[in-house]
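For reference, the structures are reproduced in the following blocks.
Each of the next two complexes has subunit A plus one more chain, namely subunit B in the first and subunit C in the second.
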Partner chain A sequence: MVNLTIDDKQVTAPKSATIYEAAKLNGIKIPILCHDKKLKPFGACRMCLVEVEQMKGRQIPACTTPVTEGMIIRTSTADIVKARKMVLELLLLNHPLDCPVCDKSGDCDLQNLTYEYQVNSNRFTDEKFSHEIDYNNPLIERDMNRCVLCGKCARICDEIVSYGALTFIDRGIETKIGCEFDDGLNCEFCGSCIAVCPVGSLLARPFKHKARFWAMTKHPSVCGYCGTGCNITLGVKDNKVLTTIYDEEQGFHKGQLCVRGRFGYQFISSEKRLTTPLIKKNGRLIESTWDEALELVAGRLKGGNSVAALATPRLTNEELALFKKLLVENVGTKNFDHAAGYAHTALTGGFARSFGTSASSATILDIQKSDLLLVIKTDAYETHPVVGFEINMGVKNNGIKLTILSDKRGKLSKLPDATTIVHRPGSEVAILNAIAKTLLDDKLVTATAATIAGYAELEKALSGFTAEAVAAECGITAAAIKTLAAAYASAEKALIIFPAGQAYSGHNAELATAAANLALLTGKYDREGCGVLCLSEKNNSQGAVDMGFFAQDGGLNGVQILDACAAGTVKTLFIAGENPLISYPDHAKVKAALEAVDFLVVSELFLTETAAMADVVLPVCSYAEKEGTFTSTDRHVQYFKAAIRKNIKIKSDYEVFSNLVTRLGGALPPTPALFFSEIAANTPGYQGLSHVSLRKEGAFAPVATAPKFVAPLAVAPFAPETGKLALVTGSALYHNGTLSEYGEGPMHVCPENYVELSRSDASLYKIAEGDLVTLSSSSGSIKLKAKITPRMPAGVVFSPYHFSAAPINTIWNGSPVTSVTVSK
Partner chain B sequence: MNPITPIINGMKITLKHMFMKPVTLQYPTERPKVAKRFRGLHALNVSHDKAKCVACYLCPTVCPAKCITVEAAEDANHDKYASVYEIDMLRCIFCGYCVEACPVDAVKMTEEFELANYNRTDFIYSKERLLVKK
Partner chain C sequence: MSDVAAQQATEQEPVIDLSLADAIIDKYIDLPGNLMPVLQAAQDEYGYIPRIVADHIAERLNVYPSQIYGVLTFYAQFHLKPRGKFIIRVCVGTACHVQGAPRIVETFFDKLGIGHAETTPDLRFTFEKVACLGACGMAPLAMVNDSTYGGMTVQKVDEIVTDYCQRPMK
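This part shows the complex of A and B:
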């Protein structure tokens, strides 16, 4: 810490702080246009000029000057104010004064400063710019006439998003922010540039002209898409969510969001939302009343073991716990599960046996503190983009070594010095085991590893996994495995990251234990910057596991429930928010099961394909209309309040379950807040948490580890068939689950399913970009648009699973890799 | 005091008024002269066959009676215009703040004061009714 004087006030600041940061820390406001908390200092706008006595009273930029001991700083002398006014005059010289039609008005730094410094006239004259406005993409509008050249958009796109879509082009007075070849913007549309733009140069098109900034109320909430647990601020007007608002103080990610978080909010106030309960009569869903629908459901739930339930991990912790309570205590069944029954097994099967807790042993905050990251599948960026930003920043700013084991290349592969080991699809577990074997053979294990239970068994079970044997099977070199093992062992801190989800059936308990074994062998767990981080798919996937909402104690799991429906042993199926018809493997099987089951109840926001098959459809709330807690993938428990009032005709899932509990003869459950305190007391790591204590910024539920080695199973690797391609499924960057189909933003840029294939396969099958190709597997065939990308290795094709119009599960039966034939 | 004097004084005033122009107007046959700056019914100014309004929302923001409803939209040239511009005359207090706030001289107040109507809904003036007639 250093001591300094700012405006006659004695203050202290960290040694690494700039004058601007030191002033901000001590509540002194210095005006600035080109600064953002997350970005490196730039010094473009010259608004933050201050006088430092030791520097002979010269005016120096506060944002790029580090503090030194004893500095005496003045932030607003008459001379400084004069200089700032001049800066504003010069900026306003070319800035079009179209505030009435500019959506930034009210939230515009330039407007606010002009008002604050009362710049009412201009001594200079010049023409305004007449740059062409970029309307080329559906999400981001670029009006370079309004630009003040602070460079924040270009810097955030480079430093954090690592896409590099924007940069300064041309020189002098003609300088502007442009894209490659001065063309239209075509990027991954995370909208970070919009968030940081101090003026109205970059605007969100879905929100264009919807409301003025001052007319909206701002409600902090937690994003309802992936498991990262990003904090968002919803802009609400007339009880409608109109946009997301940037707040650089929010969350670990400091307001940074991805495309679906920023642009995918439209599902909340969508016209397509269900508003009345529907009951199937004579084969048609007819509008009904809550009383009739719930009475009917309650009657059918009195079936004990013949009742089963599937819930989406998008429900709150309170709802999942209450649903479980309803099923176990009032209905009397153990048949309930989430996420197709396998997407959570890395946690419930893998980490549970290796670490003794069904949770990751690292947090997202560990990423930047690590020395080496081992990412399994480049898809980690697509499934969890904001975690991807952390990796970007770690690699670019902290020099973290990044190694990726993947069946295809991806955006993470493009990071500086990133090593991507592209292996045959489906062989990640074997490679991890080969690394473990190499660690043992080359004596790279820590001394304490041998004291952990199961060491001897592991050593024995790994005998078949020599680097040479595995490398030959997996299409990589033994040297790559050995180098990776040595790098992993020698790094001071190392973190393994892998995504999990319904499209990643190979990322199961086996993968989790194989990764955990590496961490245990080298002692890289239970320390800062170390461990294994499983990126679970949905916003409350970890919460669903923590609440115990998965098959255990002999209950049927997700897949078995559907089998039992088809066999007739399950007569009533309650689906809360899941859309198995699209997102579970094997479309035909799921359809047959849902048709066969006697009574199907679906509680949903929309009339999804699954809901359309139901006997009773219950309209429920989205996260923006209820309160509760979500647990992010790294066990960060966060509380959120309702941002809008719910439609009076719909109920939250919590109200539905409460009502059913009383109808089945149970006592009326307490409010969500009281119920959460109750469940927190009985959930490991949650002790002491309550809605009130989580209100400010949430809390990490600690993960207690009880390490144990788990011997791997010998699994026959996927053998590519001649004349066929290997299909791997996954998530697209723009989507998460099937909910994002109802978010308009993601659908603007990624509206339909596609298949990605390599250039060599494309030329082999004479497929051009955008061609409609037919993919056939043993379970069916599907027509998809072809996308030819250099990232796919020959013989491998990729397709995401989110789309109801062309669901990939018509040809995918849940195996990690599927052999498919491709024809035009 | 002489009891007759007040009566005479009173009669003087009465007689004086008998020869003065009456204050009362025989409305509707006689029309009042409305001052130029009278704040009557609103009108939306037109320029180049289009309403000048750019839907900046300053008038609904400043309106103390909250009687103005504006909805903005984007036209074919990506310009902002008011797809909805409604004033609820039952709520309007004719303060004229909307005219004062308007940055583009799109809204004015006319000399029109005869706003009586038969239905409540007729008091909600839509954009079409507010546009300046040629």
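This part shows the complex of A and C:
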């Protein structure tokens, strides 16, 4: 700490602080325009000029100057105010002052500073700029005439997003922010640049001229897409969610969002939302009343074991727990599951065995504290972009070593000094086992590892996984495995990260235990910056596991439930929010099962393909219309309340389940808040949590570990068939599950399914970018648009799973890798 | 790529041999801060930096394409369009200006049918106004590639253009 004087006040500040930071820490405000606490100091705008006595009263920028012992600083002398006024005059010289029609008005740093410093006239005159406005993409409008060249957009795109779409181009008075060759913006559309723009140069197009900033109420909430658990602020006017608002104080991610979080909110106030219960009569869904629909459903739920349920892990913890209670206590069935029955097995089957708890042994906050990251599949960026930002920052700012084991390259591969080991699809588990074997053979394990249960069995089971044998099978070199093992063992802190989800059927219990074995062997599982982090797909995937909403104690799992529907042993199927027809493997099989089941009830926001097949459809709330808690992938339990009033004719899932409990003779369940306190008391790690205690920033549910080695099963790696390509499924950056199809923003930039293939396969099959190609497997065939990318290795094609118009499950039956043929 | 840009690309960049760029990149690949020497060598090779070369360099050096464009537009030494075989530079510095450089410039414009920093469609001439060539005693001054022409007059412009029009392009 150093001592200094700011505006005649004795203060202390950390040695590493700048004058701006020291002042802020001590409650002294220095105006800024180009500075952002998330970014490196830049010193472009000169708004933060201060006087330092030791520097002979010179005016220096507070945001770039570090503090020194005994510094005497003055932040608002008459000279300083005069200088700042002139800075504003110069900025306003070229700024168009079209504030009445600018969406930024009211939230504009330049406007606010001009007002604060009373710049009511300008001593200078000059022409305004006449740059063409960039309307080339549907989400981000760029008006460089309003730009003050603070560089924040270009810096955030480089330093945090690591996309680098924007930069300073040209020189001198002609300098502007632009893209390569002055093209229109075409990037991943996370909108980080919009968030930090201090003026109206970068605006969200879907929100243009929808509402003035001050006319909206701002509701903090938790994002409803992936499992990262980002905090968002919803801008609401006239009971409609109109936009998301950036708040740099929110969450571990400091307000940073991805394209889904920032632009995917439209599903909440969508015109397509269901507003009345529907009942199938004479083969058609007819509008009905809640009473009639619920009475019908309640009657059909009286079937004990012949009743089964699938719920989406987008429901709140309270809803999932109540649904389970309804099913177990009032219906009397154990047949319920989520995420197709396998997407949660990394937690429920993997970590449960290895760590003794169905949860990751690390949090997202560990990423930046680590020394080495081992990421399995580059898709971790696409599935959880804001976690990807953490990886970007860790690698670029903290020099963390990044190694990626993947079946294709990706955005993460481009990070500085990142090593990407591209292996044959489907061989992740074998490679992890070979690393474990190398750790054992080369004596790289910690002394305490041998004391963990299962050590001897593991040693024995790994005997076949020599680096040489596995390397040959997986299309990599033995040296790569050995180097990685040595690096992992020698790193002081190391973290393994892998995504999970319905499109990643190979990321299952086997993968989780294989990864956990590495952490246990080297003693890197329960320390800061260490562990294994499974990135769960949906916003409450971890919550669904914590609430126990998955098949156990002999209950049927997701796949078995559908089989039982087809076989006729399950007569009533209640689907709460899942869309298995699109998102579960094997379209034909799911369709046959849903057609075969006697009675299908679906509670949904939209009339999805699955809902259209139902006998009863119940319209329910989105997260913005109810209160509850979500548990992020790293067990961060967060409370959110309703941002808007729900349509009077719809109910929350909680109300639906409550109603059904009473109709089945149970006592009326308490309010979600009381019910949460009740379930928290019986859920490991949740003890003592309540809606009130979570109100401020949520809480991390601690993970108690009881480590144990799990011997791997010998999994035969995928053998490529000659003349065929290996199809791997996954998540597209712009989508999450099937919900994002109703979020207009993601659909603007990624409206349809596609297949990515390598340049060499493209030339082999004479396929050009954008061609419609037919992919055929043993399950069926599908026509998709071809995308030729340098990231795909020869012989491997990739296609995401979110799209109802061309669902990949027509050719994919759930195996991690599928043999397909490609033709034009 | 916008339609206009695509059209320009097909019009102006008929055949670009990327193996030339690869040879340059291979030479500098392990050098820290290799972007400038690679771009300079590429410009020497191609005469300018074609877009496809810039994109190729971006991919191979793992630098954002936007960043490369930022560098290319920051330094006056880089050119994004093909340049003429003969670069005509006319000094418009103080000494040349008072000696009548504006008339020399205007005459070149008329004769060549192009303006400042432009190239004739046949890629024979590129014309540039420059601020001082360091030989004020010879004002008004013009240069064609490395040849210097002092004491420029309107007649001399005519002679220079006629002379270089007859020179071979290869």
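In this text, the second predicted complex is superposed on the first by the 824 of 824 C-alpha atoms of A that agree within 3 Å, B and C clash if a C-alpha of one lies under 4 Å from a C-alpha of the other, contacts with A are read in each partner's own complex, and residues count from 1 in each chain.
One rule holds for everything that comes next: a residue touches a chain if its C-beta (ideal position, glycine included) is under 8 Å from a C-beta of that chain, and two chains touch if they have at least 3 such contacts.
Please read all numbers here as calculations on a predicted model, not as lab measurements.
Using the contact criterion defined above for the overlaid structures, shared-chain residue A:A165 touches subunit C, although it does not reach subunit B. In the superposed pair of complexes, A:W214 makes contact with subunit B only, with no contact to subunit C. In the superposition on chain A, A:P684 makes contact with neither subunit B nor subunit C.
Shared-chain residue A:G184: touches subunit C; no touch with subunit B.
A count of residues in subunit A touched by subunit B and by subunit C gives the higher number to C.
In the superposed model, A:K414 makes contact with subunit C only, not with subunit B.
Using the contact criterion defined above for the overlaid structures, shared-chain residue A:P790 touches subunit C, although it does not reach subunit B. Once the two complexes are laid over each other on the shared chain, residue contacts for A:Y135 go to subunit B alone; subunit C is not touched.
Of the two partner chains placed by the overlay, neither subunit B nor subunit C lies in contact with A:G356.
The interface of subunit A with subunit B does not overlap its interface with subunit C at any residue. Of all the residues in subunit A, the ones that touch subunit C in their complex are 136, 154, 158, 163-171, 178-184, 414, 790.
Within the complex, the subunit A residues that touch subunit B are 99-101, 105, 133, 135, 208-212, 214-215.
Within the complex, the subunit C residues that touch subunit A are 1-2, 5, 51, 54-55, 58-59, 62, 64-70, 73-74, 80. Residue ranges of subunit B in contact with subunit A, taken from their complex: 54-58, 61, 72-74, 78-80, 103-104.
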